[in-house]
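Multiple structures are listed underneath, in structure tokens.
Next come two complexes, and both contain subunit A; in the first it sits with subunit B, in the second with subunit C.
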Partner chain A sequence: MMFSVGDRVRIKDSHPPGHRRTPYYVRGKTGVVERYCGDFKNPEELAYGFDGTPKRELYRVRITQTELWPDYEGSDSDTLDLEIYDHWLEKIGGQ
Partner chain B sequence: MTTDERGTHDHGHDHDHPGTTPDANETGYYELMAEAMKELLIEKGVVSADDVRRNLEFLDSRDPAEGARIIARAWTDEDFKKRLLEDGTKAVGEMGFPMGDAVLIVVENTDDVHNMIVCTLCSCYPRTVLGLPPDWYKSKSYRARAVVEPRSVLKEFGTELPDDKTVRVHDSNADMRYLVLPEQPEGTEGWSAEQLTAIVTRDAMVGVTLPQA
Partner chain C sequence: MSQRQHDMGGMEAGPVESDEHATEPWAKMITSLAAALRDHDIMRIDELRRALEDLPEDIYKQEYFERWSEAMINLLEEKGLLSRGEVMGKMDALKAQLEG
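The block that comes next holds the complex of A and B.
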């Protein structure tokens, strides 16, 4: 596995055309790996009739709302969790 | 039609304006495309018309009462609850609910955490245990606002949470599906699973409301 639970990660700030499952609002944001979900066929390939291989590792990433929205009005501990495929993630920090 | 022409058009209205009265049965672009796709798949032998019909029948047979039974069991059976939180797909499979290709993650509300589900990219929803998603779940407004101002959205559903409770929004954007395990309401201790099933609502399992005793 490329990432472990607790790793600090950045979601790539990349804007390739086509079918992507990484919503715009999280691109370039940092969070923490909450869990590994398993290996799944790559939807970016499946969308165009390819077989989706090689499979991609899918992770749930937990991002604080204040990281996403600087003027967020709720609690500092509020989070957004979502699923990101490995090729959209970069490890950050001194590990 | 120019403004001028419209201006001279006498509006007593004993005729139809073609295209201005939406016909409820009108087939739109996407319906036509889906229909064409279905016909091609059947023609090429990828699926049969009966497969399509059986799948629709299955989806129509699902409803939130299924999810409510899962929640009521979790409230009354500690071992099941543990299994449900560890591996939702497997635990609901035990009760006879297939997840198909999807993986079910059950998220637990506690004294400190409230969970809420959205799919910002489309309308992913745990259909095999909750049935078809409600219209508001599919609306652009809910999908956009649930991730930006979840607490305001919750208030509009009548759900006021204390400031020190963490709100976790789960964007169902890929291969997982989510079900919220609400907190069992006070005053329902000792109730049977059947009694509890009756108070677990669809919206509570999406995490926009709390079950009431």
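The block that comes next holds the complex of A and C.
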């Protein structure tokens, strides 16, 4: 697997055209891998008639609400979990 | 590349309407057609999503199942299976039949 639970990751701040499975508002944000969800055919390729291979690893990433929304008024410990494919993630931090 | 029309997270969108409303028969029919197209490997759910996102803004603003029917027609045309004219022709024939 490309990432482990607890890894700090950045969601790529990338804006390719077409059908993309990473919401705009999380691009460029950082979070922590909460779990590995399995590997799946790539829906961004399936959407255009390709066979979706190679399969992509899907990770549940936990992001704090204050990271997502600069004007968030709730608790610093509030989080959002969302599932992101490996090709949208990059590891950050030393180890 | 700017934010696509379906990708609304964080946008101002107003309150969510929570009123119950009956599903019209034609909307159920569209759901069944989508399931049939998937069962016969004619359309994938990811293709439907892509076709929905690609709709022109004025059509995207229409009701949920209006969008689905427009997106499905576009996919059938893209795949060379049916033209929009053929679908609309059949709709007109059915309408005439129903109205007797």
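By our rule, the second predicted complex is superposed on the first by the 95 of 95 C-alpha atoms of A that agree within 3 Å, B and C clash if a C-alpha of one lies under 4 Å from a C-alpha of the other, contacts with A are read in each partner's own complex, and residues count from 1 in each chain.
Keep this in mind: a contact is a pair of C-beta atoms (placed from the backbone, for glycine too) under 8 Å apart; a residue touches a chain by one contact, two chains touch by 3 or more.
Since we're looking at a predicted model, the values are computed, not measured.
Novice: Could you tell me whether subunit B and subunit C fit or clash when both sit on subunit A in the superposition?
Specialist: clash
Novice: State whether subunit B or subunit C is in contact with more residues of subunit A in the superposed arrangement.
Specialist: Comparing subunit B with subunit C, the partner touching more subunit A residues is B.
Novice: Which of the two partners, first being subunit B and second being subunit C, lies in contact with A:51: first, second, both, or neither?
Specialist: neither
Novice: Touch test for A:37: subunit B only (first), subunit C only (second), both, or neither?
Specialist: first
Novice: Is A:79 contacted by the first partner subunit B, the second partner subunit C, both or neither?
Specialist: first
Novice: Quick check on the superposed pair: does A:18 touch subunit B, subunit C, both, or neither? Answer first, second, both or neither.
Specialist: A:18: touches subunit C, not subunit B.
Novice: Please write out, lowest number first, the residues of subunit A touched by both subunit B and subunit C across the two complexes.
Specialist: 23, 25, 43, 68-69
Novice: For subunit C, which residues are in contact with subunit A within the complex?
Specialist: So the residues of subunit C in touch with subunit A come to 1-4, 7, 9-10, 44, 46-47, 49-50, 53.
Novice: Quick one: in the complex, what on subunit B touches subunit A?
Specialist: Against subunit A, the touching part of subunit B is residues 103, 120-121, 147-152, 163-176.
Novice: Which residues, counting only subunit A, touch subunit B once they are in their complex?
Specialist: Residues of subunit A touching subunit B: 21-23, 25, 37-38, 40, 43, 58, 60, 65, 68-69, 73-75, 77-85.
Novice: Which stretch or stretches of subunit A touch subunit C in the complex?
Specialist: Residues 15-19, 23-26, 43-44, 46-49, 68-69.
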